[in-house]
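Everything below concerns the one structure shown next.
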Amino acid sequence: MSFLGMGRPQPTSEQKIAAVETEMEMVAEMLNRLTKACRSKCIPTDYREGELNKGEGVCLDRCTAKYFDVHMKIMENMQKENQKQAGGGGAAPGGAGFGFGS
Amino acid sequence: MSFLGMGRPQPTSEQKIAAVETEMEMVAEMLNRLTKACRSKCIPTDYREGELNKGEGVCLDRCTAKYFDVHMKIMENMQKENQKQAGGGGAAPGGAGFGFGS
Amino acid sequence: MSFLGMGRPQPTSEQKIAAVETEMEMVAEMLNRLTKACRSKCIPTDYREGELNKGEGVCLDRCTAKYFDVHMKIMENMQKENQKQAGGGGAAPGGAGFGFGS
Amino acid sequence: MLTEWCWVRRFPGLTNQEQRELQSRMEKRQMKDFMGFFSNLVDNCFESCIDDFSSKALSRRESGCVQRCFSKSLAVQQRLSDRFQEQNQLMMQAQQGK
Amino acid sequence: MLTEWCWVRRFPGLTNQEQRELQSRMEKRQMKDFMGFFSNLVDNCFESCIDDFSSKALSRRESGCVQRCFSKSLAVQQRLSDRFQEQNQLMMQAQQGK
Amino acid sequence: MLTEWCWVRRFPGLTNQEQRELQSRMEKRQMKDFMGFFSNLVDNCFESCIDDFSSKALSRRESGCVQRCFSKSLAVQQRLSDRFQEQNQLMMQAQQGK
C-alpha cells in the first residue's frame, strides 16, 4: 500500500482491529464507571418503587453531563502535566492517546 | 470433520476448552462476589476473635442460599425481559447463555 | 535442549517473558491496591487544598510501611498454612510462588 | 437488552474480512459486558435488599425489593446508556473540532 | 488451601490431550484466583485492622487483629466455598431438570 | 508522569530479542496502567467533589474541588510510588537474604 513510500507504513490488520477493540473497551469501561458513580449519587438504595421517577431521571441526566465534564477537565489537566514534564515541547508518549473516539 | 453433513459442525478443541474455561471463570467470579457480599453482611470488622462463631457460620450459610436465590431471580427476570424484547419468540441471542453448568 | 540431561530444561523465551510480565503485573496491582488503601486512610475527601500537607505525607509514608508489613505477615501465615496442609513436608504447589521479586 | 451494549458502526479503514473478525471479537466482548452488567445487578440488588439472616428463604419484602431493584436498574441503565452515547458523540465532535 | 479453588471434574466431551491442555490452563487460573484471594485478604485485613498512623511499625493491637483477621478469613472462605459448591450443584440440577 | 509506572531494569537471563519483546509488552501494560490511574482519578474526584444535581453544569465550587483533587492525587501517587519502590526493594532483599 505504501509502496510509493509516502509517510509511515500502514498498520497491519491485527493492529487496526486491536485499536478499534481497545477503543470499544475504553468506552464500555467508561459507561460502567459512570453507571456506578451516578447510581450511587442519584438512586436511593431502598427500592421502594420499580420505576425511575422524574427526579431520579433528571439527576441521572445531569450526573452524566457532570461526569463527562470531570473526565474532560482531568484529561486536560493531565495533558498539561505531560507537556510540562516533557519540557513544553515534543510528543509526550501516551499524552495524546487517552481521548475517546477514533 | 462434518463432511457427512450431520447437523452442526463439531466444535474445535480450542472452542471446547474455551467453553469449559469460561464456565470455570464464571463460577470463580461468582464465588468471589458472594464472598465479598456475605463477608460484609455477616462478619464484623473488628476481628475480636480468630474463629468463626456459630452465629456467623449460620449467617454465612443463609447468606449463600439467599445470594443464589437473588441470582436466580434476576436471571429469570432477565430472560423474561429478553423474550419480551425478542417479540416473544425465537432465540434471544445470549438469552440462554448465562446460566452456570454445562 | 537439555539433551545432556543437566537439570531441568531451559524455560522458553515465551515462558521467561511471561514470568517477568506476571511479576510486573503483580507489582503494579499491589501499588494500585496500596494507593486505594492509603488514600482512604490518609487523605480527607473534601479537597480543600491541592497540595499534600505535611501530616498527610507522613501518614502516606507510614501507611505504605504498614501495608507492606500486613502483606508480609499474611504471606507468612499463608505459607505456614500451606505447609501444615501439605503435611509438613514436600513442596506445596503454589506455596512458594507468591512472593515478589524474581 | 443486549443491543444497548452494541455501538455498531462501520469502520471505513477496515476490509470486509477485518470487519468480520472485529464483529466476532465484539460479540465476545458484548457477552462479557452483559455478564458484568448482570453480576453487578445481582450484587447491587443483594446488597440493597437483603439484610435479614434469620432464615435462609427470601422474605416477601426482600423478594419484592429485588424485583423493583431489577426493574429500576434496567431503567437506570437504559437512561445512562442513552445519555452516555449523546455525550460521547459530543465529546468526539469537540475533539475533532480542535 | 489451593484445593478449594479446584472444581476438578472430568469433562466427557474432551480427549485426553484436551484434558491436559485444560488442566494446564486451570492451573494458571487457580494460581491467579489464589493471588486474588490473597490480595483481597491483605486489603480486607489492612482496612479493618490498621488505623493508627502515629508510628510506622504495627502496634501489638494491629498485629493481633491482622492475625485474627487472617484465621477468620480462611474459615469464612472454607465455609462459603463448601456452601457455594452445594448450592451450585443444586442450581445445575434444577437447570437440567427443566 | 508515565515514567513512574516504569520499573525499568535489566533482566540478565533474557537475550536482546527477548528484551525487546518484553519492552513492547511493558509499554502496552504501562499504557493500560496509566489508563487505570486516569480512570480512578476521575472516579475518585467525581465521587468526592460532585454532589449538586440542581444543574448540569459544574459549579465553581465543584470545579475548584476537581482541580485540587487532581493536583493532590498526583502528589499522593508520586509519594506512594516512591515509598512503594523503597519498600519493594527492601522486601526483595529480605527474601533473598533468607
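Letters A, B, C, D, E and F mark the chains as written, and numbering starts fresh at 1 in each.
Everything that follows uses one rule, which is that a residue touches a chain if its C-beta (ideal position, glycine included) is under 8 Å from a C-beta of that chain, and two chains touch if they have at least 3 such contacts.
Owing to the predicted nature of the structure, the values given are computational and were not obtained by experimental measurement.
Chemist: Enter the minimum step count from chain A to chain D; a value of 1 means the two chains touch.
Modeler: 1
Chemist: Leaving chain B out, group the remaining chains by who still touches whom.
Modeler: One piece, even once chain B is excluded.
Chemist: If you apply the touch rule, which chains end up adjacent to both chain C and chain F?
Modeler: none
Chemist: If every chain is reduced to the average of its C-alpha atoms, which one ends up farthest from chain E?
Modeler: With centres defined by C-alpha atoms, farthest from chain E sits A.
Chemist: Which chain pair shares more contacting C-beta pairs: B-E, or A-F?
Modeler: B-E
Chemist: Averaging only over C-alpha atoms, locate the centres of chain A and chain E and give their separation in whole Å.
Modeler: Centre-to-centre distance between chain A and chain E: 33 Å.
Chemist: Could you put a whole-Å number on the gap between the CA centroids of chain A and chain B?
Modeler: Each chain's C-alpha centroid was found; their separation is 30 Å.
Chemist: Residues of chain A that contact two or more other chains, please.
Modeler: Within chain A, residues 30, 36, 61, 65 contact more than one other chain.
Chemist: If a residue has to touch 2 or more other chains to count, which residues of chain F qualify?
Modeler: Where chain F meets two or more other chains at a single residue, that happens at 45, 47, 49, 67, 70.
Chemist: State the ordered list of ring chains, commencing at chain C and continuing via chain F.
Modeler: Here the ring, read from chain C toward chain F, comes out as C, F, A, D, B, E.
Chemist: Okay, in this complex, where on chain D does chain B touch?
Modeler: Listed in rising order, the residues of chain D that touch chain B are 1-2, 30-31, 34-35, 38-39, 41-43, 45-47, 49-51, 53, 55-58, 62-63, 66-67, 70, 74.
Chemist: What residues on chain A touch chain F, complex-wise?
Modeler: Result: residues 26, 29-30, 33, 36-37, 40-42, 58-59, 61-63, 65-67, 69-71, 73-75, 77-78, 81-82, 85, 92-94, 97-98 of chain A touch chain F.
Chemist: Inside the complex, what are the residues of chain C that reach chain F?
Modeler: 13, 16-17, 20-21, 24-25, 27-28, 30-32, 34-36, 38-39, 43, 45-52, 56-57, 60-61, 64-65, 68, 72, 99-102
Chemist: Touching residues of chain D toward chain A in the complex: what are they?
Modeler: 5, 7, 11, 13-15, 17-18, 21-22, 25-26, 29, 33, 36, 40, 44-45, 47-49, 65, 67-73, 75-77, 79-81, 83-84, 87-88, 90-92, 95-96
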